[in-house]
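Reviewing the structure listed below.
By written order: A, B, C, D, E and F. Residues from 1 in each chain.
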Amino acid sequence: MYLDLSEAELAEYQSRQGDPADFDEFWAGTVGQARAAAHPAIVTEAVPQLSTVTLYDVTFTGFAGQPVKAWLRLPADADPAHPLPAVVQFVGYGGGRGDAIENLLWASAGYAHLQMDTRGQGSGWSRGDTPDEGASGPQVPGVMTRGIDSRDTYYYRRLITDAVRAVDTARDLEVVDASRVAVLGASQGGALALAAGALHEGVAATVARVPFLSDFPRASVITDDYPFKEIGDYLAIHRQKADAVMATLQYFDSVNFARRGRVPALFSVGLMDPITPPSTVYAAYNAYAGEKQMSVWRYNGHEGGGPDDDLAALAFLADRLPRVAPEGP
Amino acid sequence: MYLDLSEAELAEYQSRQGDPADFDEFWAGTVGQARAAAHPAIVTEAVPQLSTVTLYDVTFTGFAGQPVKAWLRLPADADPAHPLPAVVQFVGYGGGRGDAIENLLWASAGYAHLQMDTRGQGSGWSRGDTPDEGASGPQVPGVMTRGIDSRDTYYYRRLITDAVRAVDTARDLEVVDASRVAVLGASQGGALALAAGALHEGVAATVARVPFLSDFPRASVITDDYPFKEIGDYLAIHRQKADAVMATLQYFDSVNFARRGRVPALFSVGLMDPITPPSTVYAAYNAYAGEKQMSVWRYNGHEGGGPDDDLAALAFLADRLPRVAPEGP
Amino acid sequence: MYLDLSEAELAEYQSRQGDPADFDEFWAGTVGQARAAAHPAIVTEAVPQLSTVTLYDVTFTGFAGQPVKAWLRLPADADPAHPLPAVVQFVGYGGGRGDAIENLLWASAGYAHLQMDTRGQGSGWSRGDTPDEGASGPQVPGVMTRGIDSRDTYYYRRLITDAVRAVDTARDLEVVDASRVAVLGASQGGALALAAGALHEGVAATVARVPFLSDFPRASVITDDYPFKEIGDYLAIHRQKADAVMATLQYFDSVNFARRGRVPALFSVGLMDPITPPSTVYAAYNAYAGEKQMSVWRYNGHEGGGPDDDLAALAFLADRLPRVAPEGP
Amino acid sequence: MYLDLSEAELAEYQSRQGDPADFDEFWAGTVGQARAAAHPAIVTEAVPQLSTVTLYDVTFTGFAGQPVKAWLRLPADADPAHPLPAVVQFVGYGGGRGDAIENLLWASAGYAHLQMDTRGQGSGWSRGDTPDEGASGPQVPGVMTRGIDSRDTYYYRRLITDAVRAVDTARDLEVVDASRVAVLGASQGGALALAAGALHEGVAATVARVPFLSDFPRASVITDDYPFKEIGDYLAIHRQKADAVMATLQYFDSVNFARRGRVPALFSVGLMDPITPPSTVYAAYNAYAGEKQMSVWRYNGHEGGGPDDDLAALAFLADRLPRVAPEGP
Amino acid sequence: MYLDLSEAELAEYQSRQGDPADFDEFWAGTVGQARAAAHPAIVTEAVPQLSTVTLYDVTFTGFAGQPVKAWLRLPADADPAHPLPAVVQFVGYGGGRGDAIENLLWASAGYAHLQMDTRGQGSGWSRGDTPDEGASGPQVPGVMTRGIDSRDTYYYRRLITDAVRAVDTARDLEVVDASRVAVLGASQGGALALAAGALHEGVAATVARVPFLSDFPRASVITDDYPFKEIGDYLAIHRQKADAVMATLQYFDSVNFARRGRVPALFSVGLMDPITPPSTVYAAYNAYAGEKQMSVWRYNGHEGGGPDDDLAALAFLADRLPRVAPEGP
Amino acid sequence: MYLDLSEAELAEYQSRQGDPADFDEFWAGTVGQARAAAHPAIVTEAVPQLSTVTLYDVTFTGFAGQPVKAWLRLPADADPAHPLPAVVQFVGYGGGRGDAIENLLWASAGYAHLQMDTRGQGSGWSRGDTPDEGASGPQVPGVMTRGIDSRDTYYYRRLITDAVRAVDTARDLEVVDASRVAVLGASQGGALALAAGALHEGVAATVARVPFLSDFPRASVITDDYPFKEIGDYLAIHRQKADAVMATLQYFDSVNFARRGRVPALFSVGLMDPITPPSTVYAAYNAYAGEKQMSVWRYNGHEGGGPDDDLAALAFLADRLPRVAPEGP
């Protein structure tokens, strides 16, 4: 059922999230430190192997040089002599990179596919292998309030930096054409795609399905669904911290990354989604500064378009990241 | 949590399901009629296409010659000159064949992969396109009690026949080596795999994960989870039909198909599964007459081993259905 | 609690459901075919019998001449020499005609009472005995999406035709005065009463309590309660079929039957009803073209007025269908 | 699902409820006081009236001479010259006598039907009109713990006395044959039937469906369903009162009334009933001292046999309370 | 999540609850009768005793002279020569006065602390020892509808009178300075504080956290949470009593007591509270006629400010009821 | 309801948890490192202050010298010249030390009361202020699986060490008699009390209510309640880690601390507790090597005895830790 704004209101909705003056400085500093601490990625063949796709286990360095896992999946006939376009994928809340043999679509469609693990998660609906190193204050179970009292200690500072570094990693692969790299994800993965698309100049296209972390001022009071509700749970106990928490969240809101969007972006939204309510998705979409389009699913919740979103992404990426690079004259 | 027999009891458990004298006759007649009414399958290329896998839309004739949909997925380099081993997959309750671009594992692993649609379902968690033609009496929502007053009108008579015909269809494909065809599925799909493996002599191996439809006399009273509970709901209203319903179910119980198992079979079970409780899975496993092995997942529910079940199946099939047919002398 | 429009808004609310140009043609054709295929009803005494009411088992022919069950209950002293007014009753979603000894009010009040069974349901809260013959595509459990891809195959085409034929059947009984026949039901039964009242010229009065199937465009997005939600579940998977489904539903919407209402009608509504939300009931009521009145229950859900609705119907029918036919001059 | 003893264990199960030495004395005193304070019942015609059944509003005096409401329903042709057998009915937890036009089965079947209201309840699923006069200590919402610290103040002391007085009232009616009076009820109503059948020598037969209030020592720890759970809720707070409460309950346990059963009794049980779990029903049944039979419903919960229990009761009462009194020689 | 009016609307909201002309007369009569029937309180030392606080068991006479329990907690060095300010506390729905050793804050902060028991409740989350003597009609479990058909028999007439008498009792204690007595409570306790503060001229300050019983016309239709929902449950069955019930509730609505507020009052509200929705709290707050302040908790439900409300109350009372009485000249 | 072993079985139940040979070595090393890194506690007056109790904010060093918060509450007349017995309290899962003005019982009863905060929790039902510094792998929300792949990184290694250090801290206070220090807690707090009581030789008595973390081999499969279920959730995804996880948990199981119990211990258990099921509590109790007693609450869940457990602890501690130290000769 519809519990949010009407479609007409959604089309016009503007978040009241503030845009801190030092937003870009904060992120430039954070990403810069990560790059300064970076080591080359370690890439090894996974077990077992398949026939049409080759699977690799990847360890790259993310926030503050900390190790982060990923899977790299390539068409079996991939050849550095003909670099491939790439899809860097981020995962939804609670999940990890899963198993190497899962999620074969993008490599089967001819892309180099780098799927980043999610630090400290990866135990909910798909498994992960990456710890979250970093201090955490008192917190609600989950990661939404881990270190939330300060932008410097907040969990998503670390995770978003990992995402930017995943793009670096993909672009550094010999088999990848660094000019044709897209970021893609759903929910938390969609938020990471928006963030990486804004923070990394090498991204060529962004696919953000039912993106999360968007419009905290509204999201924190219009839904009782988790994980947004973790914030409300925290403030229900730490009543005196509401201002500090809201100040922290400005630096991580998808709305602020969207305001910095440059590349073509494909969004999707489920109008019956209680987890990332439609107005929060439109908050990011309406703020998005680059070329954009939205798939609207009128009878769906947080699953959005499911395989229909995949089909739309295949078409969108085929246009923006042609599988065969255009030849020069 | 554990709600069923202990592991020691599970290992010994024998279902008290009866084995009707005319079971084989009933099924021979039903399958025979379907084959008598059969037409050649129609195979067309699907849209869109991928790079490493080729996708086909298939319509074959199932029960009573009625049309049934399927997807055929082949490695892009498949070549009738070198026929492939095949995996025929059946789907869990509520789902359908899904979308062509989903479920790429088996073709990526080098198999011809035929995924059968599920008549009259395909609207729950994955979509389908096959109607269920056939009279139905009063029934509980779902298909568990559709036509259940008689073995002749029962829904699963039609669906199991479709599954046998799907094996026929796979074996008839030029690109398939008819001697290396496996059946595979989870839950309802596992029940169909057991049934097709028992009813079709051309099956070479069976993978039945957390198989459903097993041990109705016990299953109907030890769980309140759907879809088994549909039977209880029906009998709670149609109190006078308990004997007739239980008589019908004898002809469709996975236990009776397992008693007729011939080929090597890989089972799995989740010891915390309330949907196909472990004793019902062991009822089939312990009754299975052929070579068999069981993956036991101690902390899982109905999801069983998930990707770990996939890994186990890849290994199991690699042994039984070698991707390259053994050469003759 | 109130989750829908305010009372003032309800009083003014108009559904935006379209009224197809060939609506009447479609139904005239469908009903005509059923009558062309009709056979005389079979009426036999039920077991056991009571003292003050006589109970009969009825089989009449409904859609396409298919057999449909019903109960006929008569005051024990009924006498064809003094034909009685009749109440034809339809049943709510999931239920069937129940048992002969249930539901004795209408016969005890002096009416011939024909209670129609509900094809393919009758296994939820009261039992039924009538199968639903007819093809069905992929569907969500329940009957709301059975055959919904086309008006011709949709389940409610068959059920509404049965309802019209039940009126034929009642009027054909020797003991009934064909000029004093009312239709009555709650929820799905109320929808059937509105449909039969519009489609059958021989109906003299309509009682539609908390009528269902009303205002699909709004109902499909303002409640998560079943059975309306079956439609949303279907479209959440079959995303590409939304237009086709909505086109089908125009031919079955209570709003369109209400627009064709001629006879005096008694409605009721529960202002806290999440199953047939008040605005959907008012959508039919406000559209009703004949004389009408509404019982508003401010603190009730889908049960509406319960026995108070019975008392209101007794009074309403006593006025419109006097138990003793007016004497001629 | 089955959560209680196996069928074999149920057949042998004996409650460990104690039988207090002064049980009979306590009840003789209580009933004696009520009769000493009794006034003649007031019987007036109800509004509206039906055709085949005549409806009366009754006020009789129950516990301590307090007024209690009831409905009397008679076949329209009832005649004191030919006194009728009678059914005195008691109602389930939370409900009241309902509306006069409801519940027409027994009068339609030829019985004088007196349906007693339930003091202080009658606001849950059917309405009532009788207050519960009497002091109550601290209590859990509901009536299970009202005054439970002492047998003298316990709610059910008052309600059971009302039930005995309802039998007095029915037998005093001119239109009733005092030698052919049955008591009947389901759940709480079944408990009252067992109690009245034991305490009142004028009862000729007892129908106790899924009887409640049985085997408190076991019932209080084997189910979390209400209303039994009210006792657990009370003792979870009033931890020091467990012995006093259990001492009180001995005087109200259906097991102790069953031990005093004399007349033929028809029980029923739902083997999946969490509200009156099967072992608690068998506790009363197995203890029943008179002629007895049990309808076992294997797939039902607390609804038991529903209309099938009605059919069984009609047959049972037709044997024990013939509608036409046997003629003398 | 927010389900009620916006903050801007809350600030302006005015309840449409009527103010009966004889409201003051009704309460003056009721309280007068209680005082006329009053006996001196009985105060005895509790077991066990603590070191820094002395605990007393109190029995005073409330409504109609009926006995009501309370705890009196005093700082161990309390001395009648230097009378203390006092806090009279009332308890939330379902609870009782609890145990003597609980709830030590107010005595530890230097107040004489009288905590009143809640008649007929005290079995939910804290225990009580006070019965509710008085007739009750048919009712929903709980006390919200006990005797609700008339203002004279309504449960809250008795409980509010007890609260006024608790203030009498505190002021009569030798160790208390009768000019410095505050009333305090949360939820139902907050409603009693508002009522006692309005009805008793000797109250010097009122603390009403998330007060209950406020704005029945709105509260009865905007939440499904208990205990407000008990009223809806009652009227869903007793449909014909809606006007009578609403007429009764006018005499017990916190809004009408707030309209009579004189002393400084501290309120609190949780903006996500479904039990006493914010608009009902603001209904009382906006109507409050005396000096007032409100603690607004944006992310809390019915727990409101929890310990932060305690801290606010300590500060509020320290100003209004200085622990050392101001010296005279 | 009872879902676990019978009372007779509970009395005999012995956990099958293994006792690793290097258990004592592991803990000696861990605690030794913490003490080596320790700094003196920082103690400052809290705001606001009360009259009869003085409140202090404490920061001591716990695991690896990391800062941990606590509250110290003293009777206002505490005097180092007459050192007090002390109660060191640990908090249940999700909670923190709360607010200074809460939890006044122990100081009011004459004890020095040190209430330790819970690192990284303190956002659930009471607030905390202590971060959890330390690496964490992929994990389920909560702390049960944080770092669980190794005993060295497991969360409870850090928290239990904090608890031992809290005892050090209390004993170092001038106002405390180091020979009369008890540890106390419920649930997680009870587990910490058992651990600190076993690991710290200076503890004189232990109060462990409904202790948690006990008997992991059984607990992990007999309940679906959190937080035990976090372990099952983790192993449902990380299927291959079951042995490693179970090996880690041996070092943290209350059973193994109980086997090392020396001082008198008071336990409690709720026989209807699904969170720390009774058999897991008895697993620790039956293994406890020192003098012991158990309060059994037959109708309680995880709340156990609530205030009745407080009363029992007051009596137990009054015997073991007399408030006035015994005088010498």
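Keep in mind that, in the parts below, a contact is a pair of C-beta atoms (placed from the backbone, for glycine too) under 8 Å apart; a residue touches a chain by one contact, two chains touch by 3 or more.
Listed by chain with UniProt protein names: A, B, C, D, E, F = Acetylesterase.
The shown structure was predicted, so the numbers you read here are calculated from the model rather than taken from an experiment.
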item	value
Separation of chain F from chain A in steps, with touching chains one step apart	1
Option reproducing the contacts of A-F, where over half of them reappear, out of C-D, C-E or B-C	B-C
Furthest chain, CA centroid comparison against chain F	C
Same or different residue numbers at the chain B/chain D copy interface, by half rule	different
Angle of the C-alpha superposing rotation, chain B to chain F, to the nearest 5 degrees	120
Inter-centroid spacing, chain E versus chain D (mean Cα positions, whole Å)	40
Centroid distance [mean C-alpha coordinates] between chain B and chain A, Å	37
Approximate Å spacing (C-alpha centroids) for the pair chain A, chain C	51
Length of the line joining the C-alpha centres of chain C and chain F, rounded to whole Å	64
Shared interface positions of chain B, touching two or more other chains	308
Chain pairs that touch, as defined at the top of this document	A-B, A-C, A-E, A-F, B-C, B-D, B-F, C-D, C-E, D-E, D-F, E-F
Residues on chain D engaged by chain F in the complex (per definition of touch)	220-224, 232, 235-236, 239-240, 242
Chain F-facing residues of chain E, complex	48, 50-53, 75-76, 98-99, 101-102, 104-105, 107-110, 307-308, 310-311, 314-315, 323
Residue ranges of chain C in contact with chain B within the complex	94, 96, 120-133, 135-143, 145, 233-234, 237-238
Residue numbers on chain B that touch chain F, as the complex places them	1-2, 271-272, 297-301, 303, 305, 308
